[in-house]
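The structure is given below, and queries will be raised subsequently.
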């Protein structure tokens, strides 16, 4: 398993709302940024995944907000690949402040399809991508298959 | 219980991404639009809630994407107040197409605080707002208190 | 020349920023919404333009902010096709409040290309679209050609 | 005059649209990011400006798009303070690719007001901020006063 560094992100002014805090929808976007940064660190840039004709719709996403992030803050996003089946990939996120405050936790489930929507056999068709994802997961792949 | 009409929304061009579909983060924003529309229909515009010094941070949010929405589509968002405790309000959403396709389901949990962050006794301090929310919930308020 | 009704738009909560006003970038997005609404009113939905293989990149955009729009406000956006050459279309926008306040003025210049980037002869290849645009312009097309 | 380094920015997936390019409104947001980064480099973080009770509405903004930026690209934004009068600050922007391609040029004009909207005498009330801005301008301040 390759170690992935947290994704560092400063808050942008336009991400705040009239409550004076970062609007909750932006954390969902930050999670995408962190996911893409993670893939790049693992050696499979998202551009490359798309270039190979793999279509990756988001199947599920969610976040729990514990503390508000403000303009001027910098956060670190820790991404973890929890489950991977070749068909979809479930990741969790922790958004943490510079002082260690846990601001937000979140999750996403991404699917892998052929462009156009057909089923993709990742292990067979793109074994290199399959391996990179699979090697990051602690949980056994087989057990996840049963659950999904 | 007052009947609430679904919130009608056309897709904006800038809400699509390079996959050619609406970016998943925008459904989270649509849910906010639908929530605010629902409050307006119930007779408590969100502006009014804020004017009274009630601060409503989003505590939790999530969505499950079943089918992609495209530019040119119009969706209808059905909002339901599932639980309400005076302290927080849990709503669910269904995003449905003109032909009845269920595109997305989602949920949000909103908290009610005093401006500045103190605990708010909605039932005592704003009984009119309390009543409007409470009257929309099917589940008994007491049972939710125990769960939360 | 067909009369075009102004585009009505309520402010969304997530469009505000920590200054408590609508973030200036969102007016640029509203102008796009108004432009697309205008095209629909004129009988050429943007989906249709794209379906015919016409690629419409924005070449230029700008806005002058005179008064701030707030959450709770509804605005009306008046779009005018000022110049049209078949190659590009210059429009201006007025964003006006319910009480007539002029909030913002803006402009955009849109190009018409073939998908992939080649030059498009709108008049020859899509005379119906050409006519709709051209008929909305007061200024003579020929004079614009010289200026561009 | 202090030298300001260009602002480096990777494209985020959610910033693209169905044309497959970065949506034009996002460049306006990038310009804000670059502006705020510039102020930080000059020693006056925007948080600090706001903390002192200075309200900085955007008065004008615009961009000219020359080439499309795609997902996977990294851009560098060069910000220049062109004019400064204590009352407003006119900046220009160049968005350039890693290979030197000039993607976009833009401008913004920011006003400086007291919180609440009153006129601010920056030179008198915040001479340190005044000096930082003024020292970055090549053009003489006096000549701009006449023009404005």
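Each chain carries a letter (A, B, C and D) given by its place in the written order, and its residues are counted from 1.
Just so it is clear, a contact is a pair of C-beta atoms (placed from the backbone, for glycine too) under 8 Å apart; a residue touches a chain by one contact, two chains touch by 3 or more.
Worth saying up front: this structure is predicted, and the values here are computed from it rather than measured.
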Between B-C and C-D, more C-beta pairs in contact link C-D
Over half of the residue-numbered contact pairs in common: that is the test. Which of A-C, C-D or B-D passes it against A-B?
C-D
Inter-centroid spacing, chain D versus chain B (mean Cα positions, whole Å)
36
Please compute the C-alpha centroid of chain B, do the same for chain C, then give the distance between them in whole Å.
31
Could you work out how far the Cα centre of chain C sits from that of chain D, in whole Å?
25
Two or more other chains touching the same residue: where does that happen in chain D?
13-14, 21, 25, 29, 32, 71
In the complex with chain B, residue positions of chain D that touch it
13-14, 16-18, 20-21, 23, 25, 71
Contacts from chain D onto chain C in the complex sit at residues 19, 21, 24-26, 28-29, 32, 55, 57-65, 68
Using the touch rule from the top, collect the residues of chain D that touch chain A in their complex.
12-14, 29, 32-33, 36, 45-47, 71-72
